[in-house]
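The first chain written gets the first letter, and so on, giving A, B, C and D; residue counts start at 1 in each chain.
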Amino acid sequence: MNTLLDDLHQMWRIRLLEEKVRELRASNDIVGSVHLSIGQEAGPVGACSVLGENDALFATYRGHNWAVARGVPVEGILAELLGRATGVNGGRGGSAYFSDFAHGFHGENSIVGAGAPLAVGAALAGKYDGTNRVALTVFGDGAMNQGAVHESMNFAAALDLPVIFVCENNSWSELTPIDEMVRNPILAERARAYGILGERIDGNDPSVVRDRVGDAIEAAREGGGPALLELMTQRLVGHYIGDPEQYRRPGELEAAREVEPIAAATRKLREQGTSQARIDEAESNARSEVEDAATAALQAPLADVSTVKEHLYA
Amino acid sequence: MNTLLDDLHQMWRIRLLEEKVRELRASNDIVGSVHLSIGQEAGPVGACSVLGENDALFATYRGHNWAVARGVPVEGILAELLGRATGVNGGRGGSAYFSDFAHGFHGENSIVGAGAPLAVGAALAGKYDGTNRVALTVFGDGAMNQGAVHESMNFAAALDLPVIFVCENNSWSELTPIDEMVRNPILAERARAYGILGERIDGNDPSVVRDRVGDAIEAAREGGGPALLELMTQRLVGHYIGDPEQYRRPGELEAAREVEPIAAATRKLREQGTSQARIDEAESNARSEVEDAATAALQAPLADVSTVKEHLYA
Amino acid sequence: MRKLSYAEAVNAALRRCLDEIPETLLYGEDVGVPGGVHGVSKGLHKAFGDRVFDTPISESAILGSAVGAAMFGRRPIVEIMWSDFFLVALDQVVNQAANVRYVSNGTVKAPLTIRTQQGNSPGACAQHSQNLEAFFLHTPGIRVCMPSTPQDAYDLTLAAVHCDDPTIVIENRTLYHGAKAEVVTDGEVQPIGGLRKRRDGDAVTVVTWGAISRRVEEAAENAEVLETVWLNPFPWDEVIASVRRTGRLAVVHEANRTGGFGAEVVARVVEAGVRLAAPPVRIAVPDMRLPAAPVLANALIPDVRSIAAAISDLAARG
Amino acid sequence: MRKLSYAEAVNAALRRCLDEIPETLLYGEDVGVPGGVHGVSKGLHKAFGDRVFDTPISESAILGSAVGAAMFGRRPIVEIMWSDFFLVALDQVVNQAANVRYVSNGTVKAPLTIRTQQGNSPGACAQHSQNLEAFFLHTPGIRVCMPSTPQDAYDLTLAAVHCDDPTIVIENRTLYHGAKAEVVTDGEVQPIGGLRKRRDGDAVTVVTWGAISRRVEEAAENAEVLETVWLNPFPWDEVIASVRRTGRLAVVHEANRTGGFGAEVVARVVEAGVRLAAPPVRIAVPDMRLPAAPVLANALIPDVRSIAAAISDLAARG
């Protein structure tokens, strides 16, 4: 089998889900602010392919890509965003704060950096429950300046906990460029402060991510402690749906479209001589999956108001 | 004049103030928890000698040494600890949270790491008020793992603010050794993460501290931005008065007494041929200052209860 | 007079402060060049240069630096994008800003202004929907106001920046881009404090604050609606006097009921010995986390109908 | 039966939990090898090895890791040395722990226990003297208790660790090393909730919690003193029934008055339509920062005499 072709299919599943979400937001079937991951498909596809069943995954509000790559059903995600009873959290989480433990997705988080301490805890639990669990937490470049992320990296390092800190560097924190908010733009170098492995890698190539994250996971599982991986990538769309993106730099998006994961993978496959038919199939299969999921999600009943007060306490 | 001899005198002023505080705590004239700086006299003496009048200084609960070195009258400090009306804050701050703006001491802080953001603000103000102020904030080794300190270093770096981050590494955070709470024991190396100058220096030699802090201040004042200086030192007494210190490592205190600032300076002066009389004088002058201050402070009236509700709001 | 939206009114007030008070600074995440994620500070960086700037995503550093700068003579105006985000840095408000004046025995002050916005909006998750005014109102040393109209957004922002105490202005994103209204922008700077009587009536006194005030104003038949735009200082005398007259009290807030500031309002009124014709009523969100799905959130947040029903029910009782 | 101090009672409860519940972990700053800065966890690292450990000074990581570990089947017991220190990391309690069960629609739980201690002690500064229970009691999803006797310290700690919700146990350092008392350490684990009737009387109902309860018990002549050791869940029915009988209500807490939980108690009682012979009274610290000098702090914190005076005054009124 062809890994890159599979990766392309996985990336199309994310891309097309997000396109569908954008469509449903435009029609107001989905309401509220939505953060798309278009352009950031390679990281989750590469990383989740080396995460084990017992491993933990904590993402952010920009987490649809990680949820899909981790195996959360597209229909459950769409239903969640649509506020349906069949959503992964029955509509309680929404676009920016859903989770699906049954599928190994331990949650988005709408507080910047707040997923990191939770991941540390998941790894800590693994020290005692015999799972030898590795916890992966993903956050953005801007989150590197949040106190909780700093505390988590040092805490995991001091306790030799198997936590993989994945920083998706898409060069923007909302509307502000990361290179103006730090002096040392190579965020991976912060790993040295904590005495842990730090690497900046190509976040647009799923195989690179698979290899580097895979090695880090292996080392962590063997007791080597945490690692910080900086995935260089780009957000091809606004920070949120509706973002006028006035902050974009000249030529930025054009250049980004050249290197973005799906364009790159498609080019590579062509170079490798993969037939256009199979390349198209990777997209079309994903498209029908997303279309079917959307149809089903839109037919599902709205979240059940009669249960709105349940489950606050045990 | 002999700088080292002056430094010795300054260090004795701190040492003897602290001895007096310990005495007054034992007699319950001072109540509550008190954190002595015995053994950590060189840092403040060296650093404050190169701080300008308009510069800012933010310390911690272990801040009597910095207050004295900065020029806060010993009587005002003792009166504050004794809860007297003549205390620098009229008794409101106490041992762990007093300040004296009139003498350039902008406050202790009893929240670990919380002085750092305040210092960033003082430096920020200096960008606009024409003072070209440098802000120095001092904290311990353990505080390096607090989120607010991380945020402050990056914030100051990104904005090129003249903040000198002084980490007094006395190897203990309360009852826990710093070398077990971090993987990379050289805390100064964290400076790289922020793209700022970082140096680990001898914190027991006031002249070394004077030189290195002096250079950092100069660079910062010229727009070079912040620096992180790690002062290697030791706490010769408990974390707080009454600390049984069961955590001490074998031989630790014996070794520390060899290198502690006052012993070291005295030895050096002897080697330089300074007469014992002048060396003794450095101590005796300090002793009479502290004794007189204590007598005066003890005679001062208790904090004025009739004003206890004043100054909460403008 | 100019017609301004709520966001434009805040912007106009900030512009005036930056213009008239050289000590002011305006900063926070995306506040400078981008003009704010909600567009509230649009154009101000252009107009005032490096006194208006962006910061890293570091709330402790943002708030703490504002306290420090204020201690050194500046008048920083900083933004916490959502009040939920105070929770990563509350120390700098409660343990730092609130103590500056009192602990220094009145020798130092910290005249900073913290702008934030809070509450639910359709689809917002539990981490972006909270109403946290009760935390600040339990913190001696901090001033708090909550405008819900363009004119108040302008006036309160101005008053807050001129106030010598640390002051939190709690805005609401659902109001930012609503209908424009005529706003007096050249009036005197008002002192902090005071309330707004939104409706006359003698059956019930309804005390409310924040965006939900707009619903209350619409819902409250024959009630005296007092919007307490300033929560600290709180207009106790006026509220108590009103309840003395009507004999009935309802308090409406979007924060969840238990431990909300509505309890304080009820307590003060009864402690004052006001004779009530019927037990007081609090109309608030039940003690839940806020679910994202609008149908669920709407089942928890009082709307015009449920507020009207509760108030007329109170008017009829006793 | 063993005679234990308050600190020893907490220690005994922690030991039993570590012994009987393999999922428990105990950690925090100085909690492991040193046995806690107040000696509460003494001997537990020795007894339970790496299930009891020390951490960096990183409250966000301590609290957040406890939430994460709890989501993955552990029962972490973590310490926040002073409740004032929650303020650097409150996000992990309010935005994270409190949401786990509700937002996951009941599919995930976070059974962590957070031990802390709070309040003033002689000489303590404003940053080490606060009483912050009102913050937690305004946060749906969090359980809160506050023991003031060795037996309750034991029982509540045990109940908290066994509880499946995030639970905060608020201790008090002035009680840790006080007189020893006989403590039943082999009883059944009690469910959360419930109160303690400390005194019988029919003139006044006095509701109180925390260390100040000891003063109230001593001060309250002819009053029914109800110590609400559990604040969430709160025993509303019992409190309201008592006030119905006595017709008079006083609430005493060490937290500052405005926005304190005493307001909630007053509000609930009057909302229930209880007929009062005199207006309710709150006895609390005035809205100030806490000054370090004992003479100043003592001028603000209610003592036995002022509590007794206020209560008998209430008994005489109306």
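Operating definition for what follows: contacts are C-beta pairs under 8 Å (C-beta built on N, C-alpha and C of every residue); 3 or more make two chains touch, one makes a residue touch a chain.
All figures in this text were calculated on a predicted structure; none of them were measured in a lab.
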Practice prompt. Using the touch definition from the top, list the chains contacting both subunit B and subunit D.
Written response: A, C
Discussion item. Let me check something: if the centre of a chain is the mean of its CA atoms, which chain is farthest from subunit D?
Written reply: A
Worksheet item: How far is the middle of subunit A from the middle of subunit C, if each middle is the mean of its Cα atoms, in Å?
Response: 35
Item to complete: Indicate the whole-number Å distance between the mean C-alpha point of subunit B and the mean C-alpha point of subunit C.
Response: 40
Practice prompt. Please work out the Cα centroid separation of subunit C and subunit D, and write it as a whole number of Å.
Written response: 30
Fill in: Cα-centroid distance, subunit A relative to subunit B, in whole angstrom
45
Practice prompt. Any chance you could list the residues of subunit D touching two or more other chains?
Written response: 55-56, 58, 60, 84, 87-89, 91, 95, 99, 102-103, 125-127, 140-141, 287-289, 291
Discussion item. Show the residues in subunit B shared as contacts by 2 or more other chains, in ascending order.
Written reply: 90, 92-93, 97, 109, 111, 114, 145-148, 151, 154-155, 158, 180-182, 312
Practice prompt. Name the graph shape formed by the protein chains and their touching pairs; answer line, ring, star, complete or other.
Written response: complete
Fill in: Of all residues in subunit B, those that touch subunit C in their complex
56, 58, 89-90, 92-93, 97, 99, 101-102, 106-107, 109, 111, 114, 116-129, 133, 135, 147-148, 151-152, 154-155, 158-159, 310-314
Practice prompt. Mind listing the subunit D positions that touch subunit A in their complex?
Written response: 23, 25, 50-51, 53, 55-56, 58-74, 76, 88-89, 91-92, 95-96, 99, 101-109, 140-141, 143, 163-165
Worksheet item: For the complex, which residues does subunit B have touching subunit D?
Response: 30-33, 83-84, 87, 90-97, 109-114, 142-143, 145-148, 173-176, 180-182, 246-247, 302-303, 305, 308-309, 312
Worksheet, complete the sentence: Given the complex, residues on subunit C that touch subunit D span 60, 84-85, 87-91, 94-95, 98-99, 102-103, 125-127, 130, 134-135, 137-141, 255-256, 258-264, 266-267, 270-273, 276, 279-282, 287-289, 291
Discussion item. For the complex, give me every residue of subunit D touching subunit B.
Written reply: 29-30, 33-34, 37, 54-58, 60, 84-85, 87-89, 121-128, 286-289, 291-296, 299-300
